[in-house]
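Some structures are shown below for you to check.
Both complexes below contain chain A, partnered by chain B and then by chain C.
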Partner chain A sequence: MFSSLFETTFSLNDLWFMLKGAGVTLALTGWAVLGGTLLGVAFGVVRAVAPWWVNAPLGAVLDVFRSIPLLIQLVLANSFKTIVGIHWSPFTVGCVVLALYMSAYCTEIVRSGFLAVPATTRRAARSLGLSYRQDLTEIVFPIALRVALPSWIGLTLGVMKDTAMVWWIGVVELLRSSQVIVTRIQEPLFVLSIAGLIYFLMSFPIARLGARLEKRWREND
Partner chain B sequence: MNYTFHWLPAFRALPEMLAGALVTLEIAVLSMLLGVFFAVLLAVASGSSYRSLRALAATWVELARNTPSLFQIYMAYFGLGSLGIHLDSFVALLAGITFNNAGYLAETFRGGLRAVPQTQVRAARSLGMGQVQAFRLIVLPQMFRIVFYPLTNQMVWAILMTSLGVIVGLNNDLTGVTQELNVRSFRTFEYFALAAVIYYLLAKLVTVSARLMAWRLFRY
Partner chain C sequence: MSIEIQDVHKSFGSLEVVKGVTMTVEKGEVVSVIGGSGSGKSTLLMCINGLEPINSGRILVDGTDVHARGTDLNKLRRKIGIVFQQWNAFPHLTVLENVMLAPRKVLGKSKAEAEAIAVEKLSHVGLAEKLNVYPSRLSGGQQQRMAIARALAMSPDYMLFDEVTSALDPQLVGEVLDTMRLLSAEGMTMICVTHEIAFAREVSNRVAFFHKGRIHEIGPPAQVIGNPQQPETVAFLKSVL
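After this line comes the complex of A and B, so read on.
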């Protein structure tokens, strides 16, 4: 049973192939986080300050992305792309869907961060002569950032893990590349363990950092 | 755009898909019940004075939180196979989601446990309650109130995660049924759009009934 762990046919080339898969995972994550954060900040601020007739429909639309499995979103986007005749690679489709998916969660994080700034603090800032813009950049932004950053780190890691689903539409990322090797050398436990280890190493240090930030910032409050 | 939508076959398959939705709900509920059970054990273990128990709990929690849920389901389906444990896709999916749920909920429960002041336990004990009694009657109800909202969130997550069953070959849950219909007809968009609507309704069903329950339970 365990002998297969020591007499493995897993080669350095296979490891290199998996690391390349991990690179694709990171690239997907990077684009998705970039797009998702930009959209999320924009939507989040709009949701925090806009009147209800803007706020409610925007919230409802974004809620759809959080209530449908990512896998289904990916399949839908991929087939919609074919229907309309856009020629995007599966990688691009994956990035776009993941970015929208992330933006839906990021919006709520930004919004709750924004609303966590007490109204009295903002009024004080305005009565000290700060302009509305200065109030946003000098008062709201630093306070909201502290509230939102730990959740944002968690979300980023969540998106990183969710990129694993993108192989369903044909992107060879880390999990898919390990699957390719499994079909060849037939040692699923060993190969999957390596994949899991790589995911863990990509996620765990950052998760720890997020937890530490959260703790440290709470002490200062 | 030279594509004609054919919605009729999709609507005709609605009963099949709703039967699939029932299986989806069944897996999600089961995985939540098992997940809560293991999560309570993990939360208690992580506060225990035995080092090995703490290490076990920490390993479970960190593995569950730092690897993709799809990976965990893969591990249950393909990985355990090489140890001679062959799970069918239903059980593998259930095991994977339960593992994930327990890992996330353990952290939630630990926070909930810490939020109940130790003085209350001491007060309960000095009123003559046993340790188990104090935990069951004093700590648990208060903790439940704190973890209720994260619990419903996790339930929605569990429903969304069941869609991954199709990747390990499950064919009777909502995504599985949809995929079977899809490979028969290649009307991908129509079928999956309908599935998306059903998933949306399932998620809403959970959040709305949770809100009603919270309103009924936490009125005091």
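After this line comes the complex of A and C, so read on.
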């Protein structure tokens, strides 16, 4: 293990180290997207249907998350955690901050998808005897999903790349692990190219899946 | 068995659009409602199945007060089908699924039962060939017939038609009116808000002329359309015929 400290070329061990970092990136992305989407759907629906006195404060809080750079949010959250004495690992802090950050954007995507469903279509559903809840589950959500999906895919890909910033609070993800290797072998172009390739390979399937769903749905329009 | 509308008033904000309308539609009757834009015709239809609240008066459907507290509107709406000017297809569902949705979700029918109902109703309106296509592939007239089948799939006792041909290209109007003629021939109770005066004259038992939120004239088509008494009716018919 220690011998690798004196290696000055890129070894399989290094690749493995980067892949482990990529695993952390994927895990961060997974938790952030899961949490961010669940919160985003909940907040988005509330934003679409709630009266102004619920809507305005919620909107203001989410605006804070959208307006402050993610890096600052991460550092502040990490310090705040220490101040109030919550014993979370940097990974957990990263997941929570990224999830909140994503939820702020996801809320607006969900809200606009929800509001894109014409009132007349919903009225037709209710006129058939569907309850408010059935109108939501059978009509509004499926239509809103089709409207919101492209933006959601874009957001997810963005969050995957934004996970690189948790490096600042001490999580060794793909970019940080690449940086470690760069420091040792002094080949930034080469190492970062590999990191870029790994990011691409992780993003590409999501982008493809989105494009495929979009195409399938568009055929019905 | 009837729809009784008793002195109904309805306002949107400070604008009163229905100003004390009273009329009764008996089971088996076809009543056409004619009148200029903004005369309150469409609003009244929305009030009949509780899609719009009313400000005063009462609407009774088979004795049930539509706007009373405690009335189960979702249940009541099963017996009142409504078709709108904009056909409002559910774009994410095939034609068959559009029609199956309410029988499955509202009436709790099995998939097979709902499908049988949907196929029957769609065949009835001449769409048997289009079961598995999405609404976006249909013409306006076909979408409107699908909307009629969708309402019929709930086996309603009453059908309300809200200017169902107004948004259609002229050459597509005929197929939708034919479907409505078929229904009236089968004895369906219908209230048709329409601008198709010839159609109203042909299929209706009675015609009601709406003007500025009130019924100015109501009676058999031969009387209201053939020999109108009120100057407003005369002026309106002159403008559309």
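As a working rule, the second predicted complex is superposed on the first by the 201 of 221 C-alpha atoms of A that agree within 3 Å, B and C clash if a C-alpha of one lies under 4 Å from a C-alpha of the other, contacts with A are read in each partner's own complex, and residues count from 1 in each chain.
By definition in this document, a residue touches a chain if its C-beta (ideal position, glycine included) is under 8 Å from a C-beta of that chain, and two chains touch if they have at least 3 such contacts.
Here the structure is a predicted model, which is why all the values come from computation and not from measurement.
Enquirer: After the superposition on A, what does A:S203 contact: first (chain B), second (chain C), both or neither?
Expert: first
Enquirer: For A:L175, select first, second, both or neither according to whether it touches chain B, chain C, the two together, or no partner.
Expert: first
Enquirer: For A:L39, using the defined touch cut-off, is the partner it touches chain B, chain C, both, or neither? Pick first, second, both or neither.
Expert: After superposing on A, A:L39 lies clear of both chain B and chain C.
Enquirer: In the overlay, answer first, second, both or neither for which of chain B and chain C A:V24 touches.
Expert: neither
Enquirer: If you stack the two complexes on chain A, which partner ends up touching A:P69: first (chain B), second (chain C), both, or neither?
Expert: The answer is first: A:P69 touches chain B but not chain C.
Enquirer: In the superposed arrangement, does A:P118 touch chain B (first), chain C (second), both or neither?
Expert: second
Enquirer: Which partner does A:S127 reach: the first (chain B), the second (chain C), both, or neither?
Expert: second
Enquirer: On chain A, which partner's contacts cover more residues, chain B's or chain C's?
Expert: Between chain B and chain C, B touches the greater number of residues in chain A.
Enquirer: What residues on chain B touch chain A, complex-wise?
Expert: Residue list for chain B touching chain A: 1, 3, 62-63, 65-71, 74-75, 78-84, 156, 159-164, 166-167, 175, 188-189, 192-193, 195-196, 199-200, 203-204.
Enquirer: How about chain C: which of its residues touch chain A in the complex?
Expert: Where chain C meets chain A, its residues are 49, 51, 74-75, 77-78, 80-82, 84, 86, 88, 90-92, 101-102, 105-106, 134, 136, 147, 150-151, 154.
Enquirer: Please give the residue numbers of chain A that touch chain B in the complex, ascending.
Expert: Listed in rising order, the residues are 1, 4, 64, 66-73, 75-76, 79-80, 83-85, 157, 161-165, 168, 175, 179, 182, 187-190, 192-193, 195-196, 199-200, 203-204, 207.
Enquirer: What residues on chain A touch chain C, complex-wise?
Expert: Interface residues on chain A, with respect to chain C: 118, 120-121, 123-131, 134, 138-139, 142-143, 146, 217, 220-221.
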